[in-house]
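Take a look at the structures below.
After this come two complexes, each holding chain A, first together with chain B and then together with chain C.
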Partner chain A sequence: MALLGRLDWYNLARTTNWTPGYVTEDELFPPEMSGSMGIPLSGWEGYDEPYKQTYPEYVKVQREKDAGAYSVKAALERSDIYEKSDPGWQSVLKLHYGAFPRAEYSASTAEARMARFGKAPGMRNMATMGMLDEMRHAQLQLYFPHELCPKDRQFDWAHKSYDTNHWAIVAARHLFDDMMVTRGASEVALGLTFAFETGFTNMQFLGLAADAAEVGDWSFSNMISSIQTDESRHAQIGGPLVGILLANGKKQEAQRIVDMMIWRAWKLFAAVTGAAMDYFTPVADRKMSFKEFMLEWIVSQFERALLDLGLDKPWYWDQLVADLDHASHAMQMGFWFWRPIMWWNNPAGVTAEDRAWLEEKYPGWSETFGTVWDVITDNLLEGKKGLTYPETLPMLCNMCQLPIASAPGPAWKVRDFPLEYKGRSYHFCSEACQWCFEQEPERYKGHLSLIDRFLAGMIQPPTLEGALNYMSLYPGERGDDAHNYAWVEKIRAARQKAAA
Partner chain B sequence: MALFPLTSNFQGDFVLQLLPVDTENTMDEVAAAAAYHSVGRRVAARPGCTMRVRRQGAAEPLPHTLKVSESGLKPMECIEVVWE
Partner chain C sequence: MSDISQSHINNKVGPVMRQGDLAKAVSEAAEIDNPGKTITVEDKLAYLRIQTDGEMFLQRQTIEEMLGRPFSMNELEVDRIAQIGRSRAS
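Then we have the complex of A and B:
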């Protein structure tokens, strides 16, 4: 049987919509699942996705991508790239695999929401492929670290993390559940595909791929680059939706979701990607600083994309740009100081070479974060290791669930943003996290941070050991200094040489 | 006497911390408790200086001998501990 050419049927197929006869339109597309904002079915038919693909084309391309990723893995499986890599890079892998694969499965649910309940036929088509993309990403990122489990038990966290109450996973779930699985199709398209995937996944999956190539970890570099090619396709679901919403007088609604989710994504990536780029990756292999990546991939790209689509820059934009100077450093310092509660071994990243790089990329670092590392370094040099461990918990933000932290030293910028709501006290790390809460307080009010749970007696015994067990961090998995403090000895030798 | 949780923001440190104190503790005792988790760990000691407790954003510190139970501080309220 002769097949029609693609151009002869594609536009008809991708604009075919339902005409409900036995049920009402709202029964077919419940507003809370569709996020239809009162826009009738006909209003959605102008949705025009910029990236058009048929299912047979999708299967062909995806098969080739998988063949590429798996063949590189197979070719390198018996190499000793992992064993030879710097412990800091090994920690990048552990952090990445613990943070993302299971969230990818969650993202397939988000794509499924758009594939079923999106009112625009083109969106449903794109999201069907996006749903398959996210399953692929979960499977790739669970399969690749599986070979590393016998080498290091901390890689178990690739599969285990999302079933635990680990503090970082509570933070990740709070964001991803909010953004991906508990909102209507339009909000998912705005929050996940436009606000999150358009820029932020570029940083983790392209920025880190560049660092991986420098390190020589071709398997990881190739795999996450392969994932990013899917992301850059299905990330385009949100853009045309903005056009539909603006044409129907819904700019305020679109802007609100975009503003909330850009901020929420920024906070999480400052922790995960920021620390990995500025500290975990060996200094000789770092392509760009986290701040440089953010300015290029997020700040300038979003400014352009938002304005092109008819939206405005988020109200907190200047604050976000100002935070670039300290966010990754504060998260890294928290990771290292509270290292027993991580599923990875955290590098300090403060050798003389690291410090010179940090001062060059972040002028003023020595006068802020450097002062804190001076105290820590002196304690280690003087054999006072006990003082480099915490004896209490950091305060966590009731929105991003991350430590409330900022620049230390003479510049000292740390502060709490407190809020009373219906008899309960909430604490936030920033004006923008508080603003996110205030947008939908009834949605967020019931969540308990790890600190709230500790104070409510849910973590027993109320000790570090009790907290570690509550977070399912068992002996053999708990973090320590990635380089086993070898960097301290380097500093000692340098100081002795200088004194001699 | 009762356990009373506060949030400590120690001058020069990078993070807020959970600070369990007692309702009978004075502000000087609260400052010392906060210092235990910051000074010598991440903040350099300042010999000859004293530490004062103030509400976040307040210009004036709370009196040295004021007890937590008399201070009007709420559970988990953020206090700033500053050098003087």
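Then we have the complex of A and C:
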């Protein structure tokens, strides 16, 4: 019997739309779950996924990927790569594992939404595999750090983080619940697969893989880039959807979700990936700056993909590009200053070599962020460590839940964007975060930032200790300077040598 | 990059592959299957960015020859971490 080639039967086999006889179309695909925007089933038949894969092919390829990731881990397990790596790199791992693994289960839920409620058969097929991908990502990223738990208790946060009210996790959940868990299939496809996965996951899962390779952490490099091979497949769910929406006059709706989620993803990644690339990774191993990775993956590549599909550049694009110069530095400074409330030990990253690198990659750094680090450095040199700890809490944005921050120095640019809505005051870090809120104020109005909770008396006692306990950060997990201030002594020695 | 606002105006296409045998085979196949075109391969240690302008052809047989073993096109995914431009299989 002659066998047909896959391309000869794939479209027919996955065309599983039918005319429901016992229920209405809206009962089978409730509009709020499918995000169908009034487009009938027939309008979805033209969805043509660029990536055609059958389930047996999926299993075969995934098996090979897993064999690769797990065998590299097994081969390197008894090496002492972790112990020998710089504490800054160890903090990259802690930050990554606390921030992402459990969110992958939310992503799996999001894929499941598309697999069941997507009106396009091709979307359902791709999302079925995407759903399995995301489970793989959660399990890989929980299994890999598990071996590190006995070496350092902070790795417990790989599994624990999302069960806590840690400020950074409140920020991550606010985004991921919004983007992945609580929207219809079309909005998930636009926000998660298109805006987030074709764009921003590359920053963390490829950019950081490049840094990991430089550091020599092949186990981590190999594992996260293996994850990105899944992403690059199921991220293609969103593209053909944009075509359907545009053909049915829904460009405005598509653009709105894409704009919201690009901005929201940008804010989170500037904090997590930005600090990891520009400060945590030892300066000798930094492949490129966060800004350079953003230019490679987001500006020259993702922006072009956006236009190629018929969408427009987000209205705030110039602001985003301008923010590339300071976002990672502002977040890093906050991480270090408020170091007791991190589940990782934050490196300062301001030795002479670091500073030279920062000034080269971000001209003007010394005149802005550098001046603040000068004060911190002097205080530490003079034994006034107490002055380098915070006495107040940072003001958090009511959309991204991250500190309201910008570049310090003579041209002080920090600005609050306040808004009154139904008797409550909200504060935003940027015009775009305020715009996101105003798109769906009823959706967001009830959320309390950690500062709102503090002011409402929900955090007791209202002290640092009370806040640490509220965030489930227990002794042994709380952050401090990653290098135990050894960098200060290096600066002292250099200054003494120069003076002598 | 001197002008950020212009950097998206490019017409580069091609796969980004994790470092390894397959990535090398694909970059070699890109040279063979696209005669007369300039193929650029940026080595980022963890990954290779294999690109050309406009359109890039990749044939299964060529990749097979470069790898020295049987290969089916969907195995590209094992190491493909991004696809720049739109892809079509035939």
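FYI, the second predicted complex is superposed on the first by the 493 of 500 C-alpha atoms of A that agree within 3 Å, B and C clash if a C-alpha of one lies under 4 Å from a C-alpha of the other, contacts with A are read in each partner's own complex, and residues count from 1 in each chain.
We take it that contacts are C-beta pairs under 8 Å (C-beta built on N, C-alpha and C of every residue); 3 or more make two chains touch, one makes a residue touch a chain.
Here the structure is a predicted model, which is why all the values come from computation and not from measurement.
Shared-chain residue A:Ala352: touches no atom of chain B or chain C.
By the touch criterion defined above, A:Val321 lies against chain C but remains apart from chain B after alignment on the C-alpha atoms of chain A.
Of the two partner chains, chain B is the only one that A:Thr392 touches; chain C does not reach it.
When the two complexes are overlaid on their common chain A, residue A:Ser225 makes contact with chain C while staying clear of chain B.
Touching of chain A by both chain B and chain C, each in its own complex, is seen for no residue at all.
Within the complex formed with chain A, the chain C residues making contact are 1, 4-5, 7-10, 16, 18-19, 44-47, 74-75, 77-90. Contact residues of chain A toward chain B in the complex are 330, 333-334, 337, 369, 371-372, 374-376, 379, 387-388, 390-395, 403-410, 412, 414-416, 418, 425, 427, 451, 454-455.
Chain B contributes residues 5, 7, 9, 11-20, 36-37, 40-44, 56-57, 74-78 to its touches with chain A in the complex. Residues 7, 50-53, 57, 61, 64-65, 68, 202, 205-206, 209-210, 212-214, 221-222, 225-226, 228-229, 231-233, 236, 239, 287, 295, 299-301, 303-304, 307-308, 318, 321 of chain A touch chain C in their complex.
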